[in-house]
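The letters A, B, C and D name the chains in turn, as written, and every chain counts its residues from 1.
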Amino acid sequence: MTNIRGRFEKPADKMANKYTASIPFDWRLYPYDIAGSVAHAMMLARQGIITDEEARLICEGLSRIRLKIEAGEFEFKSEFEDIHMNIEAALIEQVGEAGRKLHTARSRNDQIALDMRLFTKHAITDTMESIRSLQRALVSLAEKNRKVIMPGFTHLQHAQPVLLAHHLLAYFEMLQRDFGRFADCLERTDVMPLGSGALAGLPYDIDRDFVARELSFNRVSHNSIDAVSDRDFVIEYEACAATCMMHLSRLTQEITLWATAEFGFTHIDDTYATGSSIMPQKKNPDVAELARGKTGRVYGHLTAMLTVMKALPLAYNSDLQEDKEGLFDTVDTLISTLDIISGMMNTLSFDPAKTRAAAGQGYILATDLADYLVRKGEAFRSAHEIVGKLVSHAAQRNLPLNKLPLIEYQAFSPRFAADVYAVSLESSLRARNSYGGTSPQQVSRALRVARKIIGGI
Amino acid sequence: MTNIRGRFEKPADKMANKYTASIPFDWRLYPYDIAGSVAHAMMLARQGIITDEEARLICEGLSRIRLKIEAGEFEFKSEFEDIHMNIEAALIEQVGEAGRKLHTARSRNDQIALDMRLFTKHAITDTMESIRSLQRALVSLAEKNRKVIMPGFTHLQHAQPVLLAHHLLAYFEMLQRDFGRFADCLERTDVMPLGSGALAGLPYDIDRDFVARELSFNRVSHNSIDAVSDRDFVIEYEACAATCMMHLSRLTQEITLWATAEFGFTHIDDTYATGSSIMPQKKNPDVAELARGKTGRVYGHLTAMLTVMKALPLAYNSDLQEDKEGLFDTVDTLISTLDIISGMMNTLSFDPAKTRAAAGQGYILATDLADYLVRKGEAFRSAHEIVGKLVSHAAQRNLPLNKLPLIEYQAFSPRFAADVYAVSLESSLRARNSYGGTSPQQVSRALRVARKIIGGI
Amino acid sequence: MTNIRGRFEKPADKMANKYTASIPFDWRLYPYDIAGSVAHAMMLARQGIITDEEARLICEGLSRIRLKIEAGEFEFKSEFEDIHMNIEAALIEQVGEAGRKLHTARSRNDQIALDMRLFTKHAITDTMESIRSLQRALVSLAEKNRKVIMPGFTHLQHAQPVLLAHHLLAYFEMLQRDFGRFADCLERTDVMPLGSGALAGLPYDIDRDFVARELSFNRVSHNSIDAVSDRDFVIEYEACAATCMMHLSRLTQEITLWATAEFGFTHIDDTYATGSSIMPQKKNPDVAELARGKTGRVYGHLTAMLTVMKALPLAYNSDLQEDKEGLFDTVDTLISTLDIISGMMNTLSFDPAKTRAAAGQGYILATDLADYLVRKGEAFRSAHEIVGKLVSHAAQRNLPLNKLPLIEYQAFSPRFAADVYAVSLESSLRARNSYGGTSPQQVSRALRVARKIIGGI
Amino acid sequence: MTNIRGRFEKPADKMANKYTASIPFDWRLYPYDIAGSVAHAMMLARQGIITDEEARLICEGLSRIRLKIEAGEFEFKSEFEDIHMNIEAALIEQVGEAGRKLHTARSRNDQIALDMRLFTKHAITDTMESIRSLQRALVSLAEKNRKVIMPGFTHLQHAQPVLLAHHLLAYFEMLQRDFGRFADCLERTDVMPLGSGALAGLPYDIDRDFVARELSFNRVSHNSIDAVSDRDFVIEYEACAATCMMHLSRLTQEITLWATAEFGFTHIDDTYATGSSIMPQKKNPDVAELARGKTGRVYGHLTAMLTVMKALPLAYNSDLQEDKEGLFDTVDTLISTLDIISGMMNTLSFDPAKTRAAAGQGYILATDLADYLVRKGEAFRSAHEIVGKLVSHAAQRNLPLNKLPLIEYQAFSPRFAADVYAVSLESSLRARNSYGGTSPQQVSRALRVARKIIGGI
């Protein structure tokens, strides 16, 4: 860009200009860039560095530019490299000399740090809201299906019966941790860097706290070199997002499983399914699959940013320009995925007969039999071995446990008595009443707590 | 392992046994596994699930096993798969029937979750201490070199003069954020999972809060399915570690640069350097390079764990076994790197003449001239352009700015006067007195605050 | 290490020594290090740089050291940093002065490059053999189950019927590409770097081609700076391994699915399954899950090595030392995973009745109906729409397609006639006889070709 | 999209439609999609599946659509999901019934596989050309600076003198390996998947070889399930690109170093440098930094795609849709980076006096002295120790080696004689005449070979 190439003899190579220009993606920062400039100009005037009249001209000019951008009438130019220079050039064109004073006591290095922090703060708030929406959808779905029994899985094998609501609330917990991580990230992002200059601070009597207050920041940065070279908040957002997408990939993986012909646990609403170009019968859980697939790009952006920052000397380097596209795409991907899954969960239905039948199949109550023996005085490790052999025997006879005659039970342990037939899916569920367990009582309690949390945002 | 293969007809394939055994690395969890078992046994006795005598036998047996392990006399066996089964088998051998009761109201799924959380809590505390040590080393080094002036860099080009102490304190800030992130991670790790059973909770009247108190946990987990399938705390540690290693890679990168013949800013003590097998004169900053290189493995472990967890259905799956080696290596790498860099910083010396000469070279005070013109009434953008051309002129005449006659200054702007020659490295530093800037006054303040923080741990 | 610290005044710090020593892991390179030294010594003698007697002493000494290492009687010492210095020190101790000449015309920089290339070449060959074994297991399994029909899946939904053998051969193809990639990687690894010295070549009349021939290399490296700073072959191995593990993760994912109670397609042999510590009935596909999980660490090692190499100035830097552990673990993981899966596949059995019943369920033949209409003159896109509506109608009536009366067919298109009932799983399979399709004829052909390939190694 | 939702009762949710639509990025595949459809239509006609007239209508229609797209007059619609359906819908609108027949014997699953392979083949060819251009720029730069001597570095410390041309040719070698990797990748990408149908092959008498020949493919795919679920070629391109970007990051890292005030080895042309918004004197190596930074995103895309594919069951899943944006961006980034670096290298100049002076500084000839002693009969390891002590002595006396009196040399070894002063930068370079070394003779040879390679494309 000409006006900052005073010492250069030659213009930038065209290809180089295109390669280095960030305006094709950083235009998106315009509301933050303008808000920052307004606060900066007001501060400069308050401190007597520019006149009140100059500040007024600047603020009005910026306001008009913002309207123009929002009306789609502003032409972003690659020759002006980035959003800062595009806006500054337009401002100077509009208000003349006053515009040339806006960059007093400021560098693009602290300006972009400010813009990125403002953007990230908004992104975090939006993300937290979308997390809450999905939590709400999960709780509603759990309440709607309060009595649905399904097999609990470990190693994707039937393990012990659980309530579907209990299973859904496991995701509520994951999202709750995600919410907390984003809240902590917000705390660390909420630091105002303007006033750090290029890297060394500024030789003007500026008031950084005023700017922070104007822009609703909690604190100002403590070290000017760090302030312009720090992108921890970008990495932290992306790391939180990666973990959250991982949770969503587990949920959507389960939905694709549950929607198979083989499981048949769930029915995805037509509005969240797609057809095939060749197979007329197909109904594909496209949204769930894509959400799972998009985990990849979020992991990728995290890897990218960690790579960018590795071994960079202080302070600002152009490599930092690579922070933007990855962050923008991470934010867009995460929020849209949370929202679309909320929508899908809100329309998801279950087949309680199928899930109960699945839970009833096989030897899912074997642990209950071992616990039965423990209550009758057997040591757990021995009880486990006895029931292991009993299951093996029943499997060979191709009988479910509750069809096995008592005498055969007793061949494995004399402790078995007629009350062994009282062991059932329901008794199993009721029994697991330890804090956080799957008993109806525990699940009701958990639903009440969850309701409180999501009501309380 | 035989005693949990009751229902199997055939033993595990040998290669399969080796492939799945975790004891070659999870033996390291023994102190946590034993502490957890002791607390569990005490709870079982308090709740009347086992007798006090059985609990006593168990606790004494575990205590003897621990001593044996620490004396190097315990034989870990691959046939017993993992640390839990190795210890349980040894316990049963020692105390018989009572030992067979220890696994009452417990599954390996919640047991390993407990062990991993105990390990991670300790690892975080150790990490935070090592961070504080490095912060201390940085502050001492800054204080020792309080007056050293060096060129501040952006784009690895001389930008503006800064105090070395200010530059070092930028790393203090990064580590301060790392400290905060680990503290938040500790908070989320500090959740007691035992009592979740295999996945569904337990059909015994257990007291999870008692176990939590015994093991110094703040809270118990809320959902049993989540509790056994959650490894967020592993990912979060690894993500925090990746960011911290990134900071260290920037620091060590700078040290390798500063130690070059070309920069010559710093002298690495012999004790932190290595020689060459072929070049007798070589003195290599081996420690700094390796620390930078080890960033790779920490990033790699984070990628690995995110990959492992992607799209895993609930609840426990064997894939989770892959959480351990990566976490162990991350912890070891991060702590040893923090410690070795502390040692290196404590013995690092600077060459103030060299750094000052470097700062004096070239046109590093150009911004000060622009600010000079602003103070004389020029708009900043115009001042920037004027000085840009002035620098270009001086460079063509091959003269430093302070050797340029006033008349030539004035050819670029009539605002230049004799006081332009008062612009110096020192005046530049003094002027950058905005909060967080590099002025001696600001740096002194920052050092005082830093001292307070590191004193206050 | 003392003997290369001639210019240092102080010994290395103990912690620094431990931090930088690579002997804890690079001892594993001893056969390659010794083979390289033997070839180097023979070359030095041939060129008259050392005497034949010196070469004899060196070679015999190295041979004794190798035996000692293999007998477990060699003490590796951290003070000697790495495998090279450990062996050189032992050699000098044994053969005196001659040993002090071995490092003539050599640097550790080209020596380690040689060792790593020798190791990698062997690793690639072993990997390719393990790939062939798994291909053999797949072909045998396909042949054994030649007639098994199962539903083919897209989006994990039933799509069209396929032969299980066809499905298994898809994995054969993936492994065939892996095989090719490793072969290409071998080609690029097969370059002899010794003779590059520290980075600049050597001032001795050496014969690099002789060394290459002795060590069975195809070529020598062309540029000494590149030769000592290149680790492309490590990255390429890791990238090939990542892709191969990805394939294995798809296969093991399918096995865990097929082994669920819900699918019930397959039966994993007891020897490749594990039990539960709490649930007596459990039989977990532990091996398949772990193999899937180990994808994470292989991806992680690739990320790590790419990170290590990023932005490293030429030539050798200590960061390169980080190439070893990741590569070793990648090789071990990939080969053991290929082998264990071969074993598991060799003992896997299928339930043809279950898979056929699954294929028969639902509307899997809908595409065949559309193709039926096309053969009767309908445009495909219209035929697709007609059958889409027909399926919707049948689903509402809760009838399979072959139970729907002809009159109802004809309500959707007059082109339907009595021969529509001839559409069956078998007719569908037979019809898909395009090259590479699932028809029995195509699959037989593919099996013949596969047999030829795996016979031909 | 309505026409493939025959069996659905409800339209897709709007947000879901937006979430799943790929047209915003896959429109870019239009030339490949159209070329594939033309070849397919011609084949259908040849085989008598459609009439010649229908084929003619289809081909003409597609041709018009292509022109419309290229003229910017084609409206891509999100409701038609993807590029295939957008084009098919437009075709049907144009040519009616014939258009409804184009999708005979084809699925979007094999169609997109075809489009992606065509795109990737073109991308590889373009990439290989850009690699050749950069190799040309490097060779020209090396020839232009044939006699420039600089210090060779290991550990970023002066190691031994080298010719700049030799250093630049190290990058030539890296790019040569990249070229080979892309060539191998092209080989594996060059496989025609059309004719695989949805996953099971097709029930039509199609001629896949004809389609392959029409589209210039070498081979057809062997297994229909593999053909539609394979994205190895995407991963392989991205892995090759990651390695190539790693090489470029090393080169650009060196350029940023060499362009520092401290090194001063090189001068970046104004056309490839940028200024600062605040510091008028700044000239930043922006292009080099950005190229280095862009390594991150390419690594990220590789991580992303490996993550996407992990543990996906066969055959096609919607996750595969995530292959596109990452690949597109990888291709664009790699090619533009190669090209911009070519431009930068073509305008780069060196300061031979500075680089020679740097090489002359310090004790860079110490290895030459050790080799000198070896030639006089000393064992290398002893010679290394002697010179180590000599260097230490000279450093204490603060003297360069060639200013040290002979008598002091001889205090360390009686083998030193007056000819020790003949050791010079030039003698050192000349001596390193082993194959691939830095001697002028070797470098001339290497330049000749390089010229031949780049001439031969």
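Here, a residue touches a chain if its C-beta (ideal position, glycine included) is under 8 Å from a C-beta of that chain, and two chains touch if they have at least 3 such contacts.
None of these values were measured; they are calculated from a predicted model.
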Next on the checklist: Contact counts by the stated rule: is the higher one at B-D or A-D?
Outcome noted: A-D
Checklist outcome for this item: Chain-centre distance (mean CA atoms) for chain A and chain D, in whole Å, is 32
Next on the checklist: For chain B, give me the residues that contact two or more of the other chains.
Outcome noted: 4-9, 103, 109, 154-156, 159-160, 197-198, 257, 275-284, 286, 289, 292, 295, 299, 302-303, 306-307, 310-311, 317-318, 367, 384-388, 391
Checklist entry - Taking chains as nodes and touches as edges, what kind of graph is this: line, ring, star, complete or other? => result complete
Item to check | chain B residues touching chain D - in the complex, by the definition given at the top | outcome: 151, 154-160, 256-257, 259-263, 275-286, 289, 303, 306-307, 310-311, 358, 361-364, 366-367, 369-370, 384-388, 390-391
Checklist entry - What does chain B use to touch chain A in their complex? => result 3-9, 88, 92, 97, 99-105, 109, 152-156, 159-162, 166-167, 169-174, 177, 180-181, 184, 188, 195-204, 206, 208-209, 220-230, 232, 235-236, 239, 242-243, 246, 249-250, 252-254, 257, 292, 295, 299, 302-303, 306-307, 309-318, 367-368, 371, 374, 379-382, 384-389, 391-392, 395, 428, 431-439, 442, 446, 449
Item to check | chain C-touching residues of chain B, taken from the complex the two chains share | outcome: 1, 4-13, 15-16, 19-20, 81, 84-85, 103, 106-109, 197-198, 269-284, 286-287, 289-290, 292-297, 299-308, 317-322, 325-326, 336-337, 339-340, 343-344
